[in-house]
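Here come two complexes built around chain A, the first alongside chain B, the second alongside chain C.
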Partner chain A sequence: MSESIAPAAVHATGIGRVFQAKGGPVTALDGIDLRIEPGELFGVLGPNGAGKSTLIKILSTLLLPSTGSASIFGLDVVTETARVRRIMNLVAGGDFSGYGLLTVREQLAMFAQFYGLPYREGMAKVDAQLASFGIEEIRDRKISALSTGQRQKLNFARSFLNDPWILFLDEPTIGLDVSAARDVRDRVRAFQAEQPGRTVLLTTHYMAEADEMCDRIAIVDHGRILAQGTPTELKRMVQKDALFIVGVDALPAAMSLDSLRALPGVLSVAARDSDGSDASGVGSPTVRLAIGLKEDAALGGVISTLAASGAHLQEIAKSEPTLEEVFVQLVGRGITESDESTNG
Partner chain B sequence: MGNSVVGAEATALISRIHDETTWSLGRRIRHAFVSVVARAYPRVIGAAREPSWLFFDLVFPILGMCSIVFLLRSRGVDEAWIASTILATALLSFWISVVWMMGAQFHWERDSGNLLLYITAPVGLGAIALGMAIGGALGVVIRAVIITVAGVLLFGAKYQVADPFLLALVMLAGVAAMYSLGVCLSSIFLISGREADHLGSLLNEPMHLLGGVYAPVRSMGTVGVVALGILPLAPAIDALRQVAVPQLAATGILPVGVELLILLAMTAVFGVIGRALLAHIERVGRAGGKLLARAD
Partner chain C sequence: MPISAGSAPGVRPFGPLRGAAADAARSLVASARLAWAIEGNWAEPIYLAAFLIIRPLAFLGLFLAVLNIGGTLNVATIGFVVIGQAVFQIVSAALEGPTHALLDDRERYRTIRYIFATPSSLLPVSIGRSLVKASIAGFSALIVIGAGVLLGVPMRAGGPDILLLVAVLPLGLLSVVGIGIVLGGICVQLRNDAWAYPQAVSSTVFLLCGAIFPLEVLPGPVQNIAAALPITWWIEGLRRALLSTTSPGMLGTMPTNELLLALAVGTAVIWLIAPRLFVMGIDRAREKGYLDRNTAS
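On to the complex of A and B.
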């Protein structure tokens, strides 16, 4: 990658972190190498105890690495912490920070001052964020009276106040309902789109969220990166061959699936009913064929053969594995099958 | 990597970001100042927003004051001691605030998640602690005034202040020294973890004796002298008693001027130690991983 020569938004080399626990040292991170380009939305997926939060804490200057080094836009997270903190912000899921007696607007105004914004500019940004997150109507409500969703929107509004060049999101939509989570994701995307170069590092348990939002994803377990790449690249790791679902109204009685299997480039053919269950296929009123191919180009022969036999095509779709399947294959268990460790 | 900025564009962007992160000394001082004000705000506004706090913070000290006054009167003690007790109770409310709203504060801030946000924001813990102190002191002033007024109205206490300026100076220096010690306590409480509550109790009840709240530290001999040198409450009350209740001037262990100097020295020394402790907890917290963030 030629862009690797240019400075990175996040550059971590050999990051390791060992915690001293009663039962002996616990390795939370073990030689993490990471490079995130400016403007990327990078996801870190992993089960509990994988090291996701430890990684975010190190990159956000909250924790020192035991080994290795890391920089944010070229600024060292260990030795240049003050400068790093001027361009970053952080949102953690389930965060109940703030002072219950303050109103929403007062809370944001207080943090605007902490982030070094001049008063007028800070208040203008406070009001802009309240509008942006649709929480203007609760601007004078006390923090203690907010719902979980409202509090998390407030946290996001706070995190956008200083226009951070890098935003760390640690399980940010945990505990939010579908609607609130969608609102938050939309705002994160809009936030990035407003200014090229704004970078987001997201840890999440939600596969769909990572798949939908992230430009690239790293899958971590036991403090190591098992794989990283775009969601598509990761999916290709577990499915190297092309899989197409072809729906036809019915297969002619004279046609056998073996005739399809015999076509050049065809690896497998399996028939399913329209509800997805296995069926013989032949003679059924509606069938869906799962066809494995060496490459996409082999699909032409399959379609021609089906058409020539008199079958009417109803759908053609390329089937890809889910990120969940990628995760299970790499980690060896589902993301909800968490470890006992809580230092992640 | 559809939205990523690469190559020369990335280099230019990072150069711009580096410029943005370089703050002048003037900007850093302004930022620290507004951060102090911002952190003081919840303390000041909080007292007005939660009347129940004001009620409980007043009722118990006034009840305690009443019990001492009734005891003194039952023993036929000079009325000057009644006036002294009222003043000491008012000053004690600052100390209680120092122990629980300064000392225990970072412990609470850590558990609520605020400390994590402070650490990762470009604001130093020193500015946060100073804001806590100033806001706390301002919030307690009204309590102290109400306690004094209540004491005067209930018991007819009389004060003869020959030098109001000196009185104000003693009050200010006493409060400054106490909150300066509070900055140190905030770090010590955080490090002490679950023992913080016990530490708070330890610094609360014994202060009634060691601080010379109801009896002059002079009567405690060497212990009184030691207390005068390390506990801001002791010289503050001793000086206040001499300035506001001249009948008790003879009970003072040192001249007011010297006690004023002790309080100013305490403010400076505790301030320096507090600043070092704040830097220490951030360093230890980042190294150990548990001090600054709540256990998830």
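On to the complex of A and C.
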């Protein structure tokens, strides 16, 4: 009996891409393996030139891979392009695409036709998307008169016209102001929430955006995936143990940090003054303890011990590394440095 | 539509059309509307007049002046040149149309990636754009013919041969659009400077197809190339449908039924190979990564 396996939203195996340039071949992607499940919001994080856009171009049928294979919901991106294009859409950030002479509504209506929608259904969807993005008031404005944020909202409205199963977002918030970027992120979340299984593949080099939005993230550099996992899993790569900051008003004189260190599951205890500088802790007013634990559950014993000694708890916070720290550890440089070296 | 394997949406009908034909028809109509908005949206009427009226009339005047200097100007040659010059307005628009549509979308509007990533093929999109360009050029053709009438060109008594016109006009238009999409498929594989290539081809065809002088003026082997071009027979067919005079040389001696056959066969051959060459060109551009990038940057 054969077992039925639901196809992944994205399944890429050994994807490579080499461009022929004047100075010789340039490897943009070097053996990418990727599996994204339906319903995931998957981020590809990396500096400029890492291969993020090339990966999206291949998956969205714009570019052929040099090696490897990839499928979208089981449909091959090289040989089944017509079917792939019915279930996906694409938005790139930072571009100024559009027919300046057309109005917003005319351009969306044209794309509705290209997506194969009957005219009336297409126009109904156009109007629904204009309302959804709050841009009805510019429906009759020419594309050439739109601001960057309005253009990107129009671009997103276009991408939702065919109810895509998977949405490829290539640096979608680049160049947008904080408010417009937040609107776009909210709309992407709403898009996913509207129907189970809708999948988003997002490339970005904004760490906070990736951390905030993505269920899982792949960190890429020089065309290779260096690591992938949930944001928490990635952060655990640079800080394997749980680290808690516990603030108390003062440690009783009878209290010894060694007694905390001796508790089960406690790996380390260091005391800091409220300004962050190292201190013995004992007897000092307002002490913050940095406590390393094998697992979160060990925190209970620490809190009980502190409470039993008469210390008054003021704060408990879990300290996590940032994705930036993960990136630096994996790539060997910060993402801004990477961009500068790439651009330069 | 639930998201599950095997339930991907299919093609919606377009009127009586189903499947790929429905997709193609819908795309052709949408792109024709786009082309009309782009080509017909002239902010300054003076530019419209310069492009559609003054330019073709200026070229007509130039050719007639050259013929006058050569001492060969008479009503028959004026008629020959007027129809050739008029039809070539449409020929050049249709030849250059697909390439300009593709390069415009890639380099100027930067929309080609979004169009290519739809279920629509770029083929009907390019054809739709090209047909509208050719139609607008048809206005210039009418202006040139009107000027010819004012110059005393001998039109057919009793009006045009409608049957011949109906047979020749669509066939010829199809043949030039077919050559145009081949050029589009080639030029999209090239970088930004590909703009000039269709114009070069158009100018060459202008010299070869008997638009302004008889084929006998050309060297022997080149005459064979000219005779193989359906555009040559399209222009001659239109002369016969509109003028009362006979063209000089082999153009004038070819029986009309043979002319129609040559035009039909040439058009059929072009359409047998043109879509394939276009798709091959697009595939090659996709392979090279030229479809979605601004090659000037």
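Quick note on the criterion: the second predicted complex is superposed on the first by the 309 of 344 C-alpha atoms of A that agree within 3 Å, B and C clash if a C-alpha of one lies under 4 Å from a C-alpha of the other, contacts with A are read in each partner's own complex, and residues count from 1 in each chain.
One rule holds in what follows: a residue touches a chain if its C-beta (ideal position, glycine included) is under 8 Å from a C-beta of that chain, and two chains touch if they have at least 3 such contacts.
Since the structure is predicted, the reported quantities are computational estimates derived from the model, not experimental observations.
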When chain B and chain C are modelled together on chain A, clash or fit: clash
Touched partner set for A:230, first chain B, second chain C, both or neither: first
Can A:212 be said to touch chain B (first), chain C (second), both, or neither? neither
Once chain A of both complexes is superposed, is A:92 in touch with chain B (first), chain C (second), both, or neither? both
For A:40, select first, second, both or neither according to whether it touches chain B, chain C, the two together, or no partner. first
Quick check for you: in the superposed arrangement, does A:127 touch first (chain B), second (chain C), both or neither? neither
Quick one: is A:192 in contact with chain B, with chain C, with both, or with neither? Answer first, second, both or neither. first
Is A:320 touching the first partner chain B, the second partner chain C, both, or neither of them? neither
Quick check on the superposed pair: does A:7 touch chain B, chain C, both, or neither? Answer first, second, both or neither. both
Once the structures are superposed on A, label A:82 by its partner contacts, choosing first (chain B), second (chain C), both or neither. both
With both structures placed on chain A, which of the two partners, chain B or chain C, ends up touching more residues of chain A? B
In chain A, both chain B and chain C touch residues 6-7, 19-20, 38, 57, 60-64, 73-75, 82-83, 85-90, 92, 95-99, 101-102, 106, 110-111, 113-116, 158, 165, 196-197
List of chain C residues in touch with chain A within their complex: 1-6, 8-14, 22-23, 26-27, 29-31, 33-34, 37-38, 41, 109-111, 113-120, 125, 286-289, 291-292
Of all residues in chain A, which touch chain C in the complex? 6-7, 19-20, 38, 57, 60-64, 73-75, 82-83, 85-90, 92, 95-102, 106, 110-111, 113-118, 158, 162-163, 165, 195-198
Given the complex, residues on chain A that touch chain B span 2-3, 6-8, 17, 19-20, 37-41, 53-54, 57, 60-64, 73-75, 82-90, 92, 95-99, 101-102, 106, 109-111, 113-116, 119, 142, 158, 165, 192-193, 196-197, 215-216, 230, 342
Contact set on chain B toward chain A in their complex: 1-11, 13-14, 17-18, 20-23, 27, 31, 34-35, 37-39, 41-42, 45-46, 49-50, 112-114, 116-123, 286-289, 292-293, 295-296
